[in-house]
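Note that subunit A is present in both complexes that follow, paired respectively with subunit B and with subunit C.
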Partner chain A sequence: MSTCSVSKGCFVFKPSPKKRRVSPKTAEYFKEANNDSEDSGLRFATCQSLWKQIKSETEQVQEELNKQLFDNLVSFLRRSHSEFQEKTTEWTCRMKSREIPTAALVLGVNVTDHDLTFKSLSEVLQNNITPYVALLQAKDCPGIKNLMQKLMGQLMNCCIDVDSSDEEDYVQVSQHRIRCSMTSLISWYENITKKTDSETPSKKRISRHLQSPPVVVIFKDMESFTTKVLQDFIGISSLLPHSVSSLLCIELFQSLSCKEHLSTIIDKLLLTTQFAFKLSEKVLQVLINIFLYHDFSVQNFIKGFQLCIVEHFHSQPLSVLCCQLVEAKKRVNSLSHSQCENIRRLPSFRRYVESQVSEKQIALLTADNFLKEVIQKLLEDLHVYHENYVPVLRCLHVFTSSLPKYPLGKQIRELHCACLENRVWETEEYESSLQLARMLNKSDLVTMLQKCVEIFVSSSGKEFDKVVEKLKEFLAQFQKLEAGACQERGESVSSQKELQKKTDLYHLQKTLLELKESRRSKKLTKFEMLRFEVVDFIDNLVRNYLVPADHKTLHEIMYFNTASALREHLNAAPRIALHTALNNPYCYLKNQALKSDGGSISNKAPDICIVYKLHLECGRLINLVDWLEAFSTVVMAVEGTNEDAAASDQVDDIIHARFIQAVSELELLGFIKPSKQKTDHVARLTWGGC
Partner chain B sequence: MPNLEHPAYPAATLLRLESLVPCRESQVSMLLSIFGERQQFTFPSIFIYGHKSSGKTYVMQTLLNTLQLPHVFVNCVEYFTSRLLLEEILIQLQNCSSETKHASRMLCDTFNDFVRLFKQAVASQDLQDQTLYIVLDRAEQLREMEANILPAFLRLQELTDRNVTVVLLSEIVWELFRPSTGCFEPFTLYFPDYSIGHLQKILSHNHPPEYSADFYAAYINILLGVFYMVCRDLKELQHLAALNFSKYCEPVVRGEANERDTRKLWKNIEPHLKKAMQTVYLREISSSQWERLQCADGEPGQLKGLSAHAHVELPYYSKFLLIAAYLASYNPVRTDKRFFLKHHGKIKKTSFMKKHEKVLVDYRQTIDNRTSNHLLGPKPFPLDRLLAILYSIVDNRVAPTANIFSQITSLVTLQLLSLVGHNDQLDGPRYKCTVSLDFIRAIARTVNFDIIKYLYDFL
Partner chain C sequence: MSQPEGKGGAALEVRFVPDEDVLKHIADDAGIKVRKDKTQLTVTVKKFVKTLENISDDEAQEILEEKSYVAVLGICAQGIGKEEFTTAVTSGYSSPDTHLESESEYSASCSEEEEEEEEQKEANTVVSGRKTPAKTKAASTPPSQKTLSKKMKDDKMSNLVEEYFEAHSSSKVLTSDRTLQKLHKRRLNQETLRDLLKKAPLAFAPEIKELNQQHECLFSKWMLQLHLGFNIVLYGLGSKRDLLEKFRTSVLQDSVHLVVNGYFPSITVRSILNSITEEVLEHIGTFRSPLDQLEFIMKRFKEDSSLELYVLIHNLDSQMLRGERSQQILAQLSSLPSIYLIASVDHINAPLMWDQAKQSLYNWLWYETTTFSPYVEETSYENSLLVQQSGSLALSSLTHVLRSLTPNARGIFRLLAQYQLENKDNPSYPGLSFQDFYQQCREAFLVNSDLTLRAQLTEFRDHKLIRTKRGADGVEYLLIPVDDSTLTDFLEKEDEDV
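== the complex of A and B ==
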């Protein structure tokens, strides 16, 4: 069971008294939050179906990425096991110590992703190799005893799964009655293999396994197991008292780096027209930053993406149109009047209206039907924009990713962000990368052009026929150049010869200067001309197609851009939140009396806030008496009525009690703790402003 | 070489026994004389110790099997609780007495039960007139079980009043076993390590049937020449011998050399063995990979060893956290101000030293003390210090979000940091950085951070 608490501790879970109240349907939340309940049901449905699609897509990606790794593992298991069976009689095999075939799987630090990987791994193993797979986790196995118990429990249960149809006697074996030792495991194994051998291998599942399938034990988090437990376990399973690591026949497998994984996910989710939903630059940046700076977890990235989807459909009433083009056009027709008003309020739409002639402006602002027609057209434009955007982006990436120092970033996601942010051709980086592109050599240029042709041919955009033609033309010209190259070389050789003739230093200098001069003013070679043309052509493409999305009308429908909301949800900052609450209670309490807080300590604030503010001014050790005095001064100053009491130097009992309560609250929050160094002091556990 | 002789056993059996236990004749004859005749009572408990793979288990097993003495052989690591151990002894006892398997499972929770059940098991069979041997391998595990187990085993003969002897095998000396309350002292016997001559003899003993013994002995000689410096473990050597033998035979199989052509064979195998020492002996690559390499005759360079993947991919801030932790672990607290405060002025080494150490004589000493920081190992540091250092080494502002804190925990689970003190201490947790200097330098290089400049030891 899990808690929502951030801190470690002991939590009591009462069993839920009855069946929980039927929670209000999720769809209702969509309505509740927004008084503008336009199409909430439809929006919810769209959101759900979109998420379903994305989820299956990401799972598929994961599967594909892991396929190679799993294939290797499976073949390793098959091989190691068959060796073990075949050669038992040979001399070498008798002489060698029996090593346990071991695969070390390096998965990287993104622990949250591992669960999925392990789940699919054990599935793959169960389908292809052996039904006997046990997954062990360090936290379940503090000792060898627990480890054996878990192992036996899992193995014996999985055997029930396989032949549950005809074997019932195993079900009765409860885990407590099993003797948890290797001998019982061995006898169980012999028993079970005998049974499957005698069975006709009619079941598809069994026939796919090897004869006498191996038992596979997976340690999920090797590094967390105590060494002793592992040593003992390995010692036991080989039954040879021998130095432990030499008992393992380790082969290492490495999973794909999570960065590559992320690139694939971004490729499949964002750089495609398949999904209507898009992320704006800021949002994407937040998600990527969390990934790169904090957790390396693709799983979390996808979760963040999901959050974006939900937020978008929840907060944006017009998101009802965020679906495939055909469907969206249908939905436009059934838009209500208030939804039309919503559209008219969109900033991008207003800009569009302003750019139209006045009659059309009036029509757009008054006639719903006309508006709907225009919207359909605009949506289509947006769709076409997306269709063109992706291939051109990829094409540009082909160029930028091979430049030295990567002025526009190495990964396509960086380029994508740059293009979304503002007009990419106005940036300095773009300028410098064009400069660099003008210095590319021919072979690189040709391969790049070929790649671009491939990208455009495989893309769905309709306008690219001409582009492809043009690119092919460039390629053909490069071919021609190659033929003509020989002649040019002849010319340059002659000038070289001339240079060699002159041996006089003065003349040499002169000719060199001349040569330099001529090179500067020399008209470009054919290759250079062509190179310029190519770069200009690409530049043109970029200017035409890579317009930032927020320059497009109606982009608000498709793009989620409330990065602040996302940051709030994903970057939890408990310490900052606590500090704000205690330092500036108005922020949460919204009490006008607390508002005018200019650094001074107000007496109207809750006691704990006063105590907190006072303690900020102290050093590591706080004298309780001084603290109390300061507290009472602040409190009295506010109350102001009984100044005599303040003068009497005797702290009021009630104030004393309030102080003690506030201090213990602070202790509970973890700001101070009792100190053993001085009796009437407490120690601060935090430092600085927050 | 002492020939084994004993009146109680036929000479042929003894001769066979002798051939099976090369280089351990004296120990065996000692054991035989202690055991006496089958029906004679002997020492209640015998403690045999020696370095690993000095033949303790093997000698004991061969001895008992060849002479067909009734015995029970149990590995204490395998039966890790006292209950499992005792039950296993009883089960084996039942099996060795009668052929028909008893289906009944016995429950044996305490040693008291064990003694009772043991008497029953012995009484029910023809063991009464022979000494029964209970061999406990890896006996050092017994120390971790209940306190009464070890002393009780030592005087099992007395407790059960039966003709039984307990043999303990261990790699550590008896002095480490002796409980504080005292116990019955067993007869101790030491198995010395095999010398190089012994190893040669034993390894050559098991030659493959296709080749002559001399040929194999020559091979073993070469093998020992290469590996004896680093490895004296018989089992390991045996394993290596088996792995590389096919390569040694290659010239002979191809017909390029005959079996007597030792020099040629040596030239062929020697570089190969050296390579094996660097890779397969260290388990850089597994033995099955090594075998495949031999078949393919390829360079091991193509195969990446385990350490080729030693780098760890970490998120950006995790790297800085780790660097901060390393600095906190290896720099003294008092130097933090000078490394991380922006306006510490021009306080260089000398003036800094003067401030803290008054006399110049002390200076030398400080130099010595300073160098030892890395030798002493990491020191624990509080969470606050870690975060303070982190904030000062990261260029842009880092918000103290939950993400940062959870990364610290991740680093602990990855065993790059370790939590000092108790796990459930909530306030003021203390950590240690457990990574090596090379590792942290590699990490620091990826984020363009010159860690050497910040380490007090390297100033």
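== the complex of A and C ==
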């Protein structure tokens, strides 16, 4: 069946049920997509399990972050509801009862993350407060009718779920759904509350009102609802159609900023040894840039992360080893010969081989078994590197994040990127931050050192016992200094006193000069010496442990580093692609005839390129006749066949047709549109020439 | 009021003797506009006169500068100056809010000596209409050598910005007035166009084939990513229709799939949803709104996890689908885990269709698939300026509907069609007023009361054969919304049949 038709735009294809594939496994596509089926099954399984872990981790993070907010909301709802229940008789409360308690939830600009927040919010509310929660979205409710319909539908359905009552009820409800009005909602509500009461007869007398759960309506993206709809709804539900905003008793709640959310996510996903999969500096930078400059969406960040995982396992045959160390060691043993060859081809491994003595080199390149042993050792090294990297990075971050102007960045992710990019200690920023660190005051220094001790103690690295010891020693020394400081202070005070004593101008000048002299030549105080030592110690740690990952052998197995693929798929620039294709077709069509030097275009180029190029030379309006003429001149120059025809005003029909086609294509692409300003003119929709 | 206008017209005629067509065009244009917005015209004309009177000393400087500038740029630029002048006049009429700047330019050129104008006239006839951007710039910037040389030094970015404002600040247009009619070229119709294009060999076929083969390697990767919850959007120059067709025939043969031709002129979201509910889900019944329908689909797909649907949309950015609502519905549809969407976009501004919320629903992975294949199918429905509207579709539907009507009804329609054709040269033809039409129908013994005529017209309107619009005087006018050539064809055919 063809999909071209002049009467129809949609075509459904249904293979006969016999032929239909029974839910083809995603794994098969993974295998198919990989031409060499090297361990692809295993790779895919690893990939999926890793993704599952990461997904659950991120969800957990989200939950924790929202917990505070949700707790506040829940308590607000409880409070406002119980207030309402208790004081029904009082007059003030009667007034108040006309108001609807409202919580205004302010979320950030990261619209895309809100879905999840709302989903979990309504879950929380359903579990803790009331079964009657309705979540309304602006896009579903263009009118008050739709809104009521949605509301009733959600409320009545959920009550069925909770009550788990018999079929009969359900049928009733669905019949009722047709008449959606406030009165039916009220009667439904009364009905429901009565029923719950009768089900719990013991409590009936005492807590009748408290028993009746409130109805919670959540408006998602309230600002995009039409005002009329909202007004109507609020008016109806409070049965008081005067000034509408006075009917709401609003309390404000603020959600956590998405930047903090991202920091936590990065903390949990990247700065940990829990996951073997890592992102290289460039890839991480791309993801962070998309986040910061495009959407602030944590969901999209995670989506990008997922794409990284898939791409990595898909493109790197050795990613089969990208798993926990124990498992990876096992897998090394069962590597095939071709996989061993793959390892030998890794640039980082070749560098490693070159650094070995010649006998070992031969063994590495020829004996698979020996190679496997070495790989196991190297993998272990890599693992240890990661284990050490994170605490040292955090420790360095403790220092750099409190320096003025943050030469190495405020966030740990910036520091992480800097460390991954190249040897951080060779950068200017590092130099200046060390200098700044040498000027820290004592109390700051002590608290930082304490923090570092905590970090190292809680880390899993095995080499840090000594480091902790050393840090503790520093702390002790600082304490000792404090005791000695009194003495020192005494000295300086005495000189101060001396200064005050002399009132003679000449003497004053003299003493001041002396003081200055002594200060310059003065030996460093004990504190300053100690401070230097501390900074040098940290510097040493950095040089030892924060080596960029791509200097490590076998880093290719763990690190995904094709940032270009990521950018292309997530943050594509369709306009640039179009422009390149039109301007320089040689980029795509590798034909020597199309090769041209900057700016100009070969006259043998595809028609649309020529037409495009000609149109760039025009202003806002383009005369079709002139355009056609210019086009035919260019094209004729190539063919150069019938000179006579070219001389005359008559244009070859085929060229005419080609021109028409190219112009319509430009119109489809949105470069031009027909214009009625002048006869036989089109208007340009872009500007700027060649 | 009409006096100053007359003056302006006379002045125009004196100056534009060499190019009669231009004049006619301008006069025509102005004439229509005059009728349309009279009050605004008075304003412009007043200003116009004022500036003419106020050519005073302070402008002498400007004129001087212009002269030296003209001297620098030579004859060619003078020609442009002339044309700029003509368009300034047109724009003075056509857009009431023309800037004072253009008016003063007008007066400046007015005050130039007659000799120079003679020269300009000659230049005007010589210079062809095509303008390079440099020339445009020269014409529309204040004529001073200093600024010109300054501009050269400006970096590209500011150039771009300037070009934008130059292109859009004034309504001046500098193009020649040649029309296709002058070419003695018959307009091609759709079929001959196709035939002709078939004769033209496809350039760079082997390279294009190679490109396509590169893209075809991605098929299984696409499938993988579709199954992992992403949707795929293809972009890049060239028709992606064949590529997607190949994808469909090679990979999707054994699964349920839906192909949507977004470029199809009467495609709607409704029809897409309908084909899912009716053909894929085999549901009988109608829905009150697309939202209901969408909800139904989502429910069904969530309930039955064995249901899977691949949706291929050619040109997701087409005229009919690019609306906010359509995109919202499609995005929600695509966010279902068991609906796999693969779509192509071509328009340069296509990504503007989606806000953050929709983008996250779509969950796109972008793939550049530049194919360089001609957009034959996609442009075949387009109303190109250059293609004669054969209107074969409209014609067949016209005859089809008319055939099912009573002879009297056909007669009524015929009357209207004939009247419309008689007036086809009148660009401001409002349509046939109901009263006149009733009179004519009575005279032809087609109806006996205006009620019967109204009933008949309702039927026409239901079939979209006529359109009514109320004129300024409250009278109802009737129009057939079909172009004249189709209508002529239709009448000829009717005559044959009779």
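Operating definition for what follows: the second predicted complex is superposed on the first by the 610 of 690 C-alpha atoms of A that agree within 3 Å, B and C clash if a C-alpha of one lies under 4 Å from a C-alpha of the other, contacts with A are read in each partner's own complex, and residues count from 1 in each chain.
Note that in this section a residue touches a chain if its C-beta (ideal position, glycine included) is under 8 Å from a C-beta of that chain, and two chains touch if they have at least 3 such contacts.
Worth saying up front: this structure is predicted, and the values here are computed from it rather than measured.
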Checklist entry - Which of the two partners, first being subunit B and second being subunit C, lies in contact with A:574: first, second, both, or neither? => result both
Next on the checklist: Touch test for A:508: subunit B only (first), subunit C only (second), both, or neither?
Outcome noted: neither
Checklist entry - Who does A:295 touch here: subunit B (first), subunit C (second), both, or neither? => result both
Checklist entry - Between subunit B (first) and subunit C (second), which, if any, makes contact with A:670: first, second, both or neither? => result both
Checklist entry - Is A:618 in contact with subunit B, with subunit C, with both, or with neither (first, second, both, neither)? => result second
Item to check | Partner chain in contact with A:439 - subunit B first, subunit C second, else both or neither | outcome: neither
Next on the checklist: If we overlay the two complexes on their shared chain A, which of subunit B and subunit C does A:106 touch? Say first, second, both or neither.
Outcome noted: first
Next on the checklist: With both complexes superposed on chain A, which partner does A:144 reach: first (subunit B), second (subunit C), both or neither?
Outcome noted: first
Next on the checklist: Quick one: is A:257 in contact with subunit B, with subunit C, with both, or with neither? Answer first, second, both or neither.
Outcome noted: first
Checklist entry - Which partner, subunit B or subunit C, is in contact with more residues of subunit A? => result C
Checklist outcome for this item: Intersected contact list for subunit A, partners subunit B and subunit C 6, 8-9, 111, 295, 571-572, 574-575, 670, 686-687, 690
Item to check | Footprint of subunit B on subunit A - complex, ascending | outcome: 6-9, 79-80, 83, 91-93, 95-97, 99, 101-102, 104, 106, 108-109, 111, 144-145, 148, 179-183, 221, 223-224, 232, 235-236, 239-243, 245-246, 248-252, 254, 257-259, 290-296, 571-576, 670, 673, 685-687, 690
Checklist entry - Which of the residues in subunit A come into contact with subunit C in the complex? => result 3-6, 8-15, 19-21, 23-24, 26, 29-30, 32-33, 110-112, 115, 139-140, 146, 295, 297, 299-300, 303, 306-307, 310, 314, 568-572, 574-575, 577-578, 581-582, 585, 588-591, 594, 604, 606-608, 617-626, 628, 630, 649-651, 653-654, 656-661, 663-665, 667-671, 674, 677-682, 684, 686-690
Checklist outcome for this item: Per the touch rule above, subunit B residues touching subunit A in the complex are 52-53, 57, 75, 77-81, 84, 87-88, 105, 137-138, 206, 208-210, 233, 235-236, 238-239, 241-243, 245-246, 283, 286-289, 304, 306, 309, 312-318, 384, 388, 399-404, 406-407, 410, 413-415, 424, 426-428
Checklist entry - For subunit C, which residues are in contact with subunit A within the complex? => result 25, 128-133, 136, 159-160, 163-164, 167-168, 173-180, 182-185, 188, 192-193, 196-197, 199-200, 203-204, 207-208, 210-211, 220-221, 223-225, 227-228, 230, 235-238, 245, 248, 252-264, 266-267, 271-272, 274-276, 279-280, 289, 291, 306, 308, 328, 345-351, 355-357, 359-360, 363, 365-368, 370, 372, 374-379, 382-387, 393
